[in-house]
Structures are given as structure tokens and as C-alpha cells.
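So the structure is just underneath, and the comments pick up after that.
So that you can tell them apart, the chains are marked A, B, C, D, E and F in the order they are listed, and the count of residues begins at 1 in each.
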Amino acid sequence: MLRLAPPGFLRFSQTTSFDVVYGGGESNVAVSLANYGVPVDFVTRLPKNDIGECALMEMRKRGVNTQNIIFGGERLGIYFLETGAVSRGSKVVYDRAHSAISEIEPGMIDWKKVFEGAGWFHWTGITPAISQSAADVCLEAVKVASDMGITISTDLNYRAKLWNYGGDREAIMTELTSYCDIILGNEEDAEKHFGIHPEGLDVHKQGSEVKAEAFLSVCKQMMKKFPKAKKVITTLRGSISASHNTWAGVLYDGEKMYETRQYQITDIVDRVGGGDSFMGGLIYGLLKYPEDDQNALDFAVAASCLKHTIKGDANLVTVSEVEKLMGGDASGRVAR
Amino acid sequence: MLRLAPPGFLRFSQTTSFDVVYGGGESNVAVSLANYGVPVDFVTRLPKNDIGECALMEMRKRGVNTQNIIFGGERLGIYFLETGAVSRGSKVVYDRAHSAISEIEPGMIDWKKVFEGAGWFHWTGITPAISQSAADVCLEAVKVASDMGITISTDLNYRAKLWNYGGDREAIMTELTSYCDIILGNEEDAEKHFGIHPEGLDVHKQGSEVKAEAFLSVCKQMMKKFPKAKKVITTLRGSISASHNTWAGVLYDGEKMYETRQYQITDIVDRVGGGDSFMGGLIYGLLKYPEDDQNALDFAVAASCLKHTIKGDANLVTVSEVEKLMGGDASGRVAR
Amino acid sequence: MLRLAPPGFLRFSQTTSFDVVYGGGESNVAVSLANYGVPVDFVTRLPKNDIGECALMEMRKRGVNTQNIIFGGERLGIYFLETGAVSRGSKVVYDRAHSAISEIEPGMIDWKKVFEGAGWFHWTGITPAISQSAADVCLEAVKVASDMGITISTDLNYRAKLWNYGGDREAIMTELTSYCDIILGNEEDAEKHFGIHPEGLDVHKQGSEVKAEAFLSVCKQMMKKFPKAKKVITTLRGSISASHNTWAGVLYDGEKMYETRQYQITDIVDRVGGGDSFMGGLIYGLLKYPEDDQNALDFAVAASCLKHTIKGDANLVTVSEVEKLMGGDASGRVAR
Amino acid sequence: MLRLAPPGFLRFSQTTSFDVVYGGGESNVAVSLANYGVPVDFVTRLPKNDIGECALMEMRKRGVNTQNIIFGGERLGIYFLETGAVSRGSKVVYDRAHSAISEIEPGMIDWKKVFEGAGWFHWTGITPAISQSAADVCLEAVKVASDMGITISTDLNYRAKLWNYGGDREAIMTELTSYCDIILGNEEDAEKHFGIHPEGLDVHKQGSEVKAEAFLSVCKQMMKKFPKAKKVITTLRGSISASHNTWAGVLYDGEKMYETRQYQITDIVDRVGGGDSFMGGLIYGLLKYPEDDQNALDFAVAASCLKHTIKGDANLVTVSEVEKLMGGDASGRVAR
Amino acid sequence: MLRLAPPGFLRFSQTTSFDVVYGGGESNVAVSLANYGVPVDFVTRLPKNDIGECALMEMRKRGVNTQNIIFGGERLGIYFLETGAVSRGSKVVYDRAHSAISEIEPGMIDWKKVFEGAGWFHWTGITPAISQSAADVCLEAVKVASDMGITISTDLNYRAKLWNYGGDREAIMTELTSYCDIILGNEEDAEKHFGIHPEGLDVHKQGSEVKAEAFLSVCKQMMKKFPKAKKVITTLRGSISASHNTWAGVLYDGEKMYETRQYQITDIVDRVGGGDSFMGGLIYGLLKYPEDDQNALDFAVAASCLKHTIKGDANLVTVSEVEKLMGGDASGRVAR
Amino acid sequence: MLRLAPPGFLRFSQTTSFDVVYGGGESNVAVSLANYGVPVDFVTRLPKNDIGECALMEMRKRGVNTQNIIFGGERLGIYFLETGAVSRGSKVVYDRAHSAISEIEPGMIDWKKVFEGAGWFHWTGITPAISQSAADVCLEAVKVASDMGITISTDLNYRAKLWNYGGDREAIMTELTSYCDIILGNEEDAEKHFGIHPEGLDVHKQGSEVKAEAFLSVCKQMMKKFPKAKKVITTLRGSISASHNTWAGVLYDGEKMYETRQYQITDIVDRVGGGDSFMGGLIYGLLKYPEDDQNALDFAVAASCLKHTIKGDANLVTVSEVEKLMGGDASGRVAR
């Protein structure tokens, strides 16, 4: 997607320019992994025009392989972002209808070829939300990946403003998720997609901090509903203000609940892509520490904590930067 | 429309920001007229979101009345503009499909009420080119205006990349144009819309300067085809390079051919909207000098000549600035 | 006024450009009201040059009616603003002497015509502070408004650097204020203009938070001195640092003291115009909730709280954004 | 003065920022001389605020001595500059009334002390044009300089928008100029200040190129009127467009007319300060080549030719750059 | 290299920011080829720090393969660029000493592996000019390439400010060039490197246009000196001013002299990298039109003509854009 | 040095421009003193090119005398700065090897002449760290200053990435420091340079706040080792995050330990140069309050506290601004 944002904290009606960032849920995860040195391919459909090529070039710059990207369709999805501060939240105006990816059709991508030699496939709940054909392609991919024994992960990513093409959200998401080994989703995702409710939690109350324990019931219900899943994970964001959040994560492996320390993220630079950076960190963590879920989770939380200090959608940090924070050094001293 | 352009002469793949301009064919004409002190209303359909409101605010800032603008639909049309220089022409990437105005439907605007007290209605060939329903609304408007005895003008504005919804371009344009009193169109418009060919003219040859005499045959054919038309006008642009054009105009009133001096426009700042600024100047000229077509035409050419020095789609000049140039002072001395 | 500010936190001697904002006390209130959908007219005198016209265009863009603005005089008042942070406060260099408004004369504006159909007139203590003739015009306006039964409000707005033309501040302000129904002013205004002292309050102590109770004595004295006044209101700002303020408000209706919750405004984007945004919110609140002063006050405080997140003098927020914050949601979550 | 200009070719109503330049006629000459390595002092009066200090710092940065600058008064003069192109000339909006220098009074500067050790004093026709007291101080300075045997030069610099304080321009300028050894002035200056007319010259006709011969009659009349004058010099600007000027100069020493080659200045970057850069080059040339007026004049013309490629008021070029152009190399090859 | 340039036409002492471009002679050629769809590898040595990685990312973004880049050394070479206009040429301040590439040593790169599957190797005269060890590595590469039967091309690229490490320039360049099949070099290169003089040519005279015929004698001498060479090519630049150049090229194949039309490049955006863009176009042309040297040369000239309209060192144009200009369309019309 | 920083919080790989600041340890101290009105000379060696001259001009602009600066060498040292936020610290990439100052040689500066009339000489631990010859020159200066009875101060300024030329750091620093009257250094400096350890202090633990008492043992050991020293001073920085530090200072005069209040510096704008600004404030404080070390220390801490709100290396604040904060007003109210 193309993100267009007024500079600084300007409102839309004040700006005479937009800062340009190419991003989007899945590509953000891909960039994270490339930054960590993991070979990664981004598969999507881009319009055959300069704007589509700019998006591809940005991927390539970051070290993401782009040879499986196909071209076609009318346009690249756009979102306009107004950055908020303190009590004024950031505001997103979507202009993503009729994007090239929304008009993808089953058969356009040769998934068997794409997945050759791959070990992991990640998709998010945004793709099936944009059109029936995108949902179909997602299912097509998930089935092939599953057949080939590839680990499958998802970020459920519920978005209220999508899903307006008339598809049966619960049925679609349930089928897709049933193929997954790793499920990332917060309590809102679980509720909206599957009707699963956490207990004792009001996420809309100002300053409320999501309690890890309360999420346990959600995890258990998720595990029951999706028996293939090996881990259910969530981020725990406390929104004190647009400039100050708390941040932590929990992971349930069917037996044990892992929890991280809680970070105070004051002076937020850009919180868009926070969840994606968590996912990128989580995949890396699970790959690097296959026997140590605590470490994997700690990596994911520290990584996404750092994301809030980076302008743009993608998390442009290195493994050593994440590990420094994981190791407890949040002092922000000058590295020189 | 929202125009997004890399700053200076940067290519799309070089920029990290887009300059933001709200414009579009008809709104550019409206802004010109407002600048000249003519009371003017812009009628369109905008999406009910921040981007649509920004477009409206820009109109209002320039003194164009906006009370007849209706809201609805999904998005504001966008075009991406890369500014060329010398032998590299500017490049436009359209992203205007599914815009609010393209999904307008007959009946949405109460034209009788809109035209109350109005003396002039201007439409362009872009509107019927974007969708069948937009063409229908255009016809609806033209008929009401005609019934109410309002002067009707058009800028034929052929665009190769539009008209892809399947409508019969020639039939549609012929019917719409048949209601017009004033027709602006160059030889390409006449050829593409109505199959009318000028003689002895090759507009695609480098450095070719369109000859006024050659256009006479086009005018005569146009007048014959559209008997209601009182005047047929064209701009004569010679493209020496992206940075240097020549510029002039001719007007045929059925009897006489009026011609202007030819301007050398070196060091072009922004040539987008050149035709619209001509139309704005022409309407003003015809209103101000109703008995003096030469003066009206001279005003139009001088006005649009100045447009090439203004960044953005709209022509932000005053009557006195145009008249100074009309009067022969192209010295560009500092006014202090 | 024209505000010229170095970008970001640059000092004057570091900048090679100034960010341009057109604003000023009364126009900020007008813009607030226009944003809330209240029909509003801004009456002032602007110089007949490009800079004056830019100020007018900005008003018009925001939906403020400008037909009663008159033109004349030499210049638009300017102020230079250096934005501070933490322990370095923002700094203002005024260059407003000899402005068009300061040289306005009684009789230049036909107040009877201006007030036709109007229900409310707002003036601030800045206007009579700039010149004798401006004070005279202010009195002229207030008298006509009073005769026509229009509600009159004022923001006392004491400014130490003004009032240097030699007028008797106390006498002038006392007469002008005696016509007012609604008086906004903090304890400094009351002390400087009318010699009225609050009790138990040291506003200059670092981090001191103005206590609502202490303001009650000021209100009572004000009500006694200005019997026409129906409500006396003040903002309660606690300056912890240039980047962190607390914010609340109190309203006294002669019988009861209404008080709001206290907001923590960390990460301030721009605090200039905070008082004006309060006034804009208050007028809207009193119009919308005529029987509910608590609601009106809550709206004013929430509105001006949001102002601190907006760059520029004027408060560019909507009713729904204010109501969201009033309703208790200060979480700053992304709206998407 | 503080110059505020929209970036690029934006009009005032399009900009959200102003580029900041500190300059002004006499200070531009001072900066030129400092760049050429000539010890130079700038004497003026600045307001005692941040804006005044910024102006001083800019002088100091450029190597101009500032110890004789005095502080006081209200404000720094401002001018707003809109940069034109092609047929749209640049536009200046002055806001210089009531500046610190305009309110200077005789006696404020101890000219004897200022001129200690000095060899040259330069003033321009702008100073006596802004106020009676500034004219008085100018005369005060000129008399002291004359008494001390210092070479005096002037740039007559007629400005139509100044001289509105009611002083008798011809009398004032005649007296001041009578003390001068070196007089720079074009035909307009001579006509407006002293009623001296050139022959056969229409400077307002588009594209007219001022003829050197025609200026001879002006020089002779000037020499007659001002017997102390040793040289009368003028620049010969041909305004083909705002982007393309021709540029040359002539010098008359009472006996001989020296003339330079004519430069084609296409693609003008900034023509403001062109005359000042000529003066700076001329003083340097006369100092360096005291016996070779042709060389001095060539230096002045080449220097000011280069000025048109420099953004801002002052001519930031070195002696070697000017000499390269004087030597005939206008090829603009990359120096590497 | 890292190029740091003040924005627009600002001089170094005026800027508060530098525009950042990563480029350099050989990388510019690589980017050109990647843009034309030719698989291309860039081989260099970069410092292992963020600045080195940024240079690599820019290559990768443009589609250049970077897997053969090695890391080590202290720093990335820098050059500061001030963009000139009209009679003020652009100015380069080099800060490239001690760069990572200058400290490369023979043996660091496994050329056999690098050249596996490659068909063409291009080097420039800048590499041997920066240090003895870089010259040694260059020779090492050329020998391996020659052994492997790879086509070798060079751009002689004489730079007066380099070659200061004390190496015997003529000997080094003669040996290196003796391996080449394709030699690009202008008359200055031939003279400085090999003492070969053209006849009847003064390239330093202002406005002089290099004559093609005069270059023939140079070509013949070159062919004689370097018998392996199959073609000798040069660009013909006429420097009318920093803003206006003429541009053409000639190619001599030992028998016939091919010559192109001469382009007028007015309104130059950025002429740095002009030669590199010619070389990129030439390699592409020779690959695409192996039997048609005229076409290859025309492509090279048209490509580099377009380069002058592109900001930065590299030529960001497509084959179809070059072919359009080759085909004679220099009209610069808007592509929409 | 030349500092090149991406704007805002952008990472190196995201920026297309660098903000330009000229600074460096000793020059920052000089600028501080010039701002406080203390006559001050900066002695260094700059390359004779445009970049070196820009550095000099910036000094001159700030009122620092530059006549003792010598020219020579290859380049100006550069450092690239990426500004961090919250848990991501700022990052510095040095590119200072082979700078003009690093290649200075004894005898190049005539220290006797430089110190004529001077009362204070300040050097920092960075100079001897960059090369043997720079260390030699430093020693040369210190000896002359000592002979001439000039007060000598140092900021020990340990930098891990320097000292790589092979000099014996401890021996060099010990000799140089033995000449000093005033020694500024934190516990890390003492440890790395002299092997002196504080007790009970872990500066690397997140959020740790350096305790003043713990520093007493360091001071005592320092005093013992350097008997000429009259005062040992340190800053106490607590790094809560990159955006929030605490800040205080202690001074030990051999008898008594002076301590300041601790400031909370939230919302840090730029912490680079914090130590230098402390040193600048300290020298001023010791000069102004020669009998009152507490006041001197308070001034230093308040001054450097303000530095954190200023963009760039140097502390651009006035005495009155520092005194306001010293006096307890950290409210950051708008000064108007």
C-alpha cells in the first residue's frame, strides 16, 4: 500500500505535501524478517505502473525478494494517515478499494512454485477482508502450503472498515485459520472473527491496560477451535494517550502462558505497524529460539517496542538492536 | 481531483513526499473566474471524508461557491504527476476510477435549483469520459441549462486513457456538444471525438508549431456539425520541449477568424491546466468584452500564458496581471 | 495576524525558513465556531495587499464569512514564534504596531448592518490594547450590539507588551466589559485589568497548578463589578514544563461553581491559541447546551485540550472529536 | 531587511512557509566587499530583538564588521518577495514602514569615530527615501565623510513606493549626491531624481535593450550637475522576460565612455540585488584597478552577472569566480 | 560515493541541509543497465557501517545485484556538489581520500567467481586514479576478464584532482586500456592519459562546440595505440552555459565514423553523471543492436541527453523513454 | 566537525537529506561563551575548501573570534547522527579520520601569540585521541598556557571509538591533565583514562541515576593524582530513555562537595553537546561567580539542561534564559 501522511502532526487540511511510505501488513512483516537476515519473499499483485514499481523497489531495497510478485489490475491501495498526539488519536482514511490485490484471482499465482524450498507462510486477516477473490486466493495458498508441510502463521487483524464485499467473515476466517500453526490475535480479533470473548476486560476504557491473565481464556478457546494451532499469541497494548502506550505480549502453547515485561512507550514516533513488527519479531524468534518460547516472545515484544520509534509502517531495526533492548537496556544512550 | 507530484523534477522512484494540489478541469476554470471577480459555483460530487473536504476547502479559499457540491461515493480521483524538463515530458499516472463523481447518478443534483440566476454553464469532455452515469448527468445538466436559456460552453478535452467504460464516445459527445454555444477544442479533440480532420498539420512532429490557418477548416466543419455553436476556439501550442512551448489561440465566429500573437513560453513552471486557464480567460473575456472577440481571445491567451508560470492546476492570476501582459509587457520586471 | 515560526524547535538564529500561519485571537475563535458548524462572521480590517488577502483566504477556507472585512491601512500585524520545549518556553516577538486594525477608526464599519441577524458578538482584550482608535471602535461595536440585544462575550486577554499607546487600561476595559454577558479571564487578567486578586494562588511557581477554589473569590468580585455578566469563566493551566501542562476550567454563574476534570497534556504540539480554542468551545457549548453549563464548560475544556495537539493558532477539530474526549476517551487510539 | 519569500515560484497564497533572507541595499554591497576580502563595516540601526540580532549575525557570518551597528527602535523592515518566471515578473510587497533605521535620528551615530581609518563611504538612495530623519542622518554622514576626505559613492536607487513621508526628493537627492565621487544610477534614477532624460530610449518596451550610447547624454548632464563626481556609471539591463535578461554596464569618466560586453542571463535564479552586486563589484574594481576603469567596470558587470545565479539578496561569489567570467569563460563547466 | 548537495541553486554557505544521493561512475552505469532490464552486478568495496549499507540498498532498489560487494575499510567516499546556473558552473568538493574502495587490495575479490557467466566487464579511469592498490585490483580484474573472454569496456574519465598517490598515470592507463574492446573517452582524456591530441579544437573557449570531424584523428591514434579496441567513442559536449549544453556523440569502428544529431539541452536539471549515462546507454545499445553501431550510438546519446533532466548521478529512464527521443520526439509533451 | 543528520527521527536508510550542523566539542564550548558575552577565540585547523569555510562562518556568526584558525589538510571531520527516541538511542557514525585537525603538527600554531591577553584555555580529551600529532600540539599548547599563567580547563571526554592511532592513552592524558586547574569528567572518563573507579555505581543499568555521593571518591582520587587541579566536576546523567533523562552536577573543590538540584529532562530535542554546554556554562559561572562555586555549578547545570531543548551541537541560549531556569522557573510558559 501507499501511505500518504501530512508531515509532523499536521491535519489533512493543513498540509501542502504528503510524506510517502510504501508498506502494508504482510510487507511490513517481510521487511522485518529481511532486516533480521531471514531470506524472505513477498508475494502480492501490484499495478503495472510507476506507483506499483515504487512499491516493489522499496521491498527490494530492504532485501525482500520480489520475483514472485505479479503485475496487473488498476491501482495500488492507498491510505491517508494523520498522526495524532496526546488525546487526539491518529486518523486513517482508507482508499484501498479496487486495488490490484483485491482483484487477484485464483490461479494467477503458482503457489507450488512459490513455496518451493520455503519453510514458513504468513498471511493476515486483511487479505480475505478486501474481496471474495482475495479470500479465495488466500485459501488457495493456505491449502498448498499445508499440503507441502510448511509452517503457517496468521495475524487475524480484524478491521471494521473492511469486509464490506459481503463475504461470511466468520466462516471464511474459521476455515483459513484452521490451517494455521501460529495464531496472532488480540481479544478484539477473537471476538469479532470467532465470537470468542475474554473475561474481565474492557479494552475501550481510557488508559485500561489489558491484563495478561484475562487473555488466557481466549487462548484456550482458540486452541480448542483450531486444533492445528501450536501457539496463540497476543500483544497487550495499553493506550494511555496517542503519545504514550504500554506494550507487552503473551504466548500460550496449550500448556503454559508466557508473559513479557511491560514497556512504557512514551514519546511515540509512529505506532502504525506495531502489530506487524511484533509478528516479524515473533517469526524470527520462533525460528531462532525454537525451544525457547519465552525468548521468542521477548524478542517479538522488544522488536515491536522499537517499532514505535521508527517513522513509517515497517520496523527498520536490526537483531542486535532488538537484543540490546531484550537484554534490559532501554536507556537510549547515544551509541558512539 | 487530488494531484500528487514529486517535488521539483524528481521521478516517482526518487521522492519521499508528494506535493499536494487539489484541482481538475472544471474546478480550474471555476478558480480562474473567481480570481477575476466573477461569481462562480462549482458543482460536483465529493466523497464524505477528509480528502473530499480538503478539496472543497481549497475551492472555498479561492472564492468559489461550494454550496451545490454534493457528498457521497468512495473516493476522490487522484492523479500522480511527474514534472518533466527539456526532452523528458511530464508524466501522468491516473488513479481516478471509482471516484465519487464517476458514480454520480441522474437525479442526485437538482439542476433547476442550481441554475437559478445563473447565466453560464461550462462542462468538459472529461466528465462524460469517466462513466456512463457521469455522461448521463452531464446530459441532464446540459438539457436543463439549455431549457433555461443559459449560455453553455465546453472544452472537448479528449483523453485517450479515459472512455474505457464502453460508451459510444462519438454519439455521446455529439449530443452533448450540440447544446453548446461556445466550443473549445484543438484539432486532436475534433478528430478523436468527431472524426473532423484539419489540413496540412502534423502536431506530433517535434517543434511543429500549429498553424492558425490550418485550423480554419476544422472550425468550419465544427460549425456545420453544431449549428447552435456561436464560436469555435482553439489553443495553438507548439511543443519545442517540455521547458519551452509557444502559445497562441484562434477564434472563429462563423465569419471571421481571430488570431492572437504567439508567445514564447520558455522556462515553463507548470503546464498542467494550461487549457483550463485558457477557458477561464475566454469565459471572462467573452463576458467582459461581449462585442470584441479579439480582446476576449487575447485575454484568454495571455491568461493561459501566465498559467505556465504558476505551480498547480489552477491559474492564480488577477485581471490586472493578465491585462498587463495583453498590453504587451512581457518583460517580467520586478513589481515594486 | 501573520505568524512566522521557525520549523520544529529551531531558534530564530537557526532557521532559514518560517512556517506561515494566519491567525489571531478573534479569528481563532471564529474558525473554531465554523468548524463546529456555527455560522460565523469575522469582522476586521486588513491591508489591501497580498498578505492581507492571504489572511482573508485562510478564513474563507475554514468557512468563516468574510464579507464584512474592510480593507485599508499599511500592514498586517506579525508575530514571530519560537517554539520551546521542556524548560525552555516558547518565545514571541511581536511586530504588530501600525497594523491595519490598529489604525481602524470609528465609522469605518457599519455595525448595525454587520449585526443584522446576529445573535452573539465576541471581542477580546487585545483589540482595545493596540490603539486608542481600535479601543474606540470596540466600544462602538459593543454599544450597538448591546442596543440590538445581542449576547456579548469577551476574553479579557491581558498582554503586558501591549497597551503602550497611553490609554487608561482600567477605565477602557471596565467600560467595555460592563456590556458583556459572558466574561472569560484568568486571575492575571482580573488583577491587571481590574485590580481584582485571587487568594492563595501563586501562578508563577514552577509546576503550580491553579486551584479552582481559589478562583471563586475572583469570580464573585467580577460579578459584583459587572452586574450584566451572567457567567465568569476561567481556564486553569498548570505549567509543569513547556511540553507538559495540566488543563481544566471553571465557570461561575453567580450561584454555582462548575468545574471540569483536569487533563494531563503531555507532548504539547502547540499551545498558542489555547485560550481562544477554549472560548470557541465555550460559545459553542453555551449555544448547544443552553441549560447545562457543566456540559458547555466540559466541551470548552475538551476542545482546548485538543488544541494543544494542533499546529497553528486555530483549533481545527470537529464536534465529534471534542465529544469523544468529553466522553472520557483520551486513549488516542488510531481511528481506522 | 528581512526578506520573506515563498519557495520556488509559488505565489503568496500558495505557500505555507517563507524562505528567510536578511539583506538590503547597503548590506548587500557590504557582503560583496567582504567576500572579495575588502575590510568593510556596515553601519545601521537594528531593533533590539531576536530578528534584529539575526540580521546582525548574518552580516558577521559573511565577514562584515558589525561593531558600529546601533540598536533601538521597533522593528526590522520586511519585504515579501514572490519570484516570477517568464512573463510573470517577481512581485515585492514592502512592509518597511516604522523600521528601526527609518526612526534613526541625527546624533545617534558618531560618524567621526565610525569613519576613523576608513577610505570609502557608500550610501544609497533608499535611505533618504524612507524618512526625513534617515535623510538627515545620511546627510550628516556624507558631510563628515566629505570633510575627512573619504571617497563617497552612491547608488541612486529610485523606488516609486518610497519617498512618501513628504520630503522634497529632488532637493534632498541633489544635495546628497553633490558630495559624491562615484555615482551609480540608471536612466530612470536620473529622470526621477533629477529630471535628466536620456535620448532615444524606451526602457518599458518589452525586450528593449538599453543602448549604451543613449546613456552618454545622461552621464554628461550628471557630470555637469555634480561637479565633484569623477565617474558616472550605469547598468544596462534588457528585460526579455523574468527568466532571461541581458546585462552590461557603462562608465563615463568625464572624457571617455567605457562599455562592457553584453551578457545573456538566461535561467535567472534571483535577480533581486543585481544592482547592489554591481556596486559591490564596482567599488572592488575601482580599488583594485585604480588606473584601469575598463577592468573595474568589467569586474562589476561580471560580478553582478553571477549574482543572478545566487539565491538571496547578496552576491556570494569570490574574486576568482568573477575573474573567471571576466576572462571570458561563461561555459558553466563543472569545477572538479 | 555519497553525494551531498545543497538544495536548488544554494551555495554551500547558504544551506542548512544536503540532498543525499548515492552514486559514482561505475554504479551509475550499473543502474542504467538495470533500468534497461540488463542483468548487472556491481562489484565494489563498502565500509561496514550504516552509510555503506545505504549505498548498497540504493543499488539493490534499482535492481542491481549486490552479492559481490565486499565490506571493509573506513569510509565511503564523499563529494559535495554545488549546482550552478548560467555562467556559474557547478562546483565539486571531493572528500574521497581513504575510502573503502581506495584501500582495496588484490586478492580481496575472487574475480573468477565474480565473472562466472558474465559477458561484459566495465571499469573507469577513476578507479586506478584513487590509489595504487585500487589500480592493482583493476588490473587484476581486467586480466581475469580478458582471460575469460569477456568483453571489456572503459570510460577513461580523466580527473585532474585524482592521481595524487604518485602512480605513473600514463603507464597504468595504457596497460589497463590495452585490454579493452570498447573505449569511451573525450579529447581531454586522450590528451591527459596518452598524450594524444585532436586537431583544430579548443574545448575551453566559451560556447565552443566540439566538432566531430576533429575527433577523428584522436580515434585513429587511439586505435593504433590499442589494437584490441574495436570501437572508440566520445561524447561531444558544447558548454554554452551551466544551464544550456549541446550534446552529441561519435563512434569510430576503425573504418567508419558514426555521428549523431546534436541535441540542445536547455534548462539542465543535473549534468553530473552525463558521461556515465552515455556509457550505460552505449553498452545497452551495443548489446541490443550488435550489428548497428549507428543505432547503438543514437541510443547512448539520447539516453544521456535525458540524464540531464534527472536529479542525481544515475540515469533513471526506461528503454521506451530513450527510444521515444531517439525516434525524434523531443517535444516534451505530457504523457497522459 | 560537520554533523549530518537525517531529519526528525528518520533512520539513515530512510532519509533523502541530511540536516547540516557545524560543531564539535571545543567549538561548542566557544559558542556557549560567545552567547554569554565572553570574548572567546576558537583555535583549530580547517581544510582550505568550502566546507572548512562554512565551519568558520558558523563560528563567526555566533560571535566567536576566528583569526587564529589555520588552514590546511584534506578534510573536515564528519559525523553522521541518527536521532533516537524512547528505547532507541541516538546513533553516531564517525567519519573523522584524516581530518585537518588530526594532521596538525607542532609548530603550526604560534601559541604564545594566540594566548596573548587570554585568561583561560580549554581543551578536551577528544583532541589527543585523534592522532599523535594532535596530542603533541595539545601538549604544546598546555605547556605554553601554563607558562603564561593561564587558567586551564579540560573536559576528559573519553570516546571508545577514538584513540586508535596507538598512543598510550593513560600516559598522554595524565600528562595533559596534570596542567589543568579545572577538570570536568564523569566516572567513565576517570575509569577509562586513569583507572579510577567510583564506588557503588552501575551506570549501564537502565534508568540508573548516578548518585552524587558515589562520585566523591572519584573526585578525591582525581585531586590526589592531579595536585594542580582546583576543582573536579562531573555531570550526573540518568538515562531513563532516549527521550527522558535526569540531569544534575557536582563540584568538588578539595574540601567541599557542591551538588545541584536534579532536573527532569523529558521530551529531549537533542542531547548531543550536553557535556559541552555544561562546560561552557561552568567556565562562565566560574568567571562570573568566582567566589561562589554553588552558583557557578548551578549555572552550568541549568545551561546544559536547556541545551537538551536546542537542535544542533551548540547551546544557543542567553545568560538571562539560564538564570531564569536557575531561579527555579522551569514552567516553560510562553514569553510574550
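Here is the rule we go by: contacts are C-beta pairs under 8 Å (C-beta built on N, C-alpha and C of every residue); 3 or more make two chains touch, one makes a residue touch a chain.
To keep track of the chains, here are their UniProt names: A, B, C, D, E, F = 2-dehydro-3-deoxygluconokinase.
Note that the coordinates shown come from a computational prediction; the quantities given were computed from them, not determined experimentally.
S.K.: More contacting C-beta pairs: A-E or C-F?
M.R.: Ranking C-F and A-E by C-beta contacts puts C-F first.
S.K.: Please tell me whether the contact surfaces of chain D and chain E are same or different in residue numbering, using the over-half criterion.
M.R.: The interface is built from different residue numbers on each side, given that under half of them are used by both copies.
S.K.: Could you work out which chain's C-alpha centre is the most distant one from the centre of chain B?
M.R.: So the chain farthest away from chain B turns out to be F.
S.K.: Go ahead and note the Å separation of the Cα centroids belonging to chain B and chain C.
M.R.: For chain B versus chain C, the centre distance works out to 43 Å.
S.K.: If you average the CA atoms of chain A and of chain D, how many Å lie between those two points?
M.R.: Centre-to-centre distance between chain A and chain D: 62 Å.
S.K.: I need the residues of chain F touching at least two other chains; which ones are they?
M.R.: 13-16, 57, 61, 91, 266-267
S.K.: Where on chain A does chain C make contact in their complex?
M.R.: Against chain C, the touching part of chain A is residues 8-11, 13-14, 79, 84-92, 94, 159, 161, 204, 206-207, 239-244, 266-267, 271-272.
S.K.: Going by the contact rule set out above, which residues of chain E touch chain B in the complex?
M.R.: Residues 61, 263, 265-269, 305-306, 308-312, 316-317, 321, 325, 328-336.
S.K.: Hey, which residues of chain D end up touching chain C in the complex?
M.R.: Chain D residues touching chain C: 4, 7, 12-13, 15-20, 49-51, 53-54, 57, 74-75, 78, 80, 82, 91, 93, 95, 97-98.
S.K.: Which stretch or stretches of chain A touch chain E in the complex?
M.R.: Where chain A meets chain E, its residues are 57-58, 60-63.
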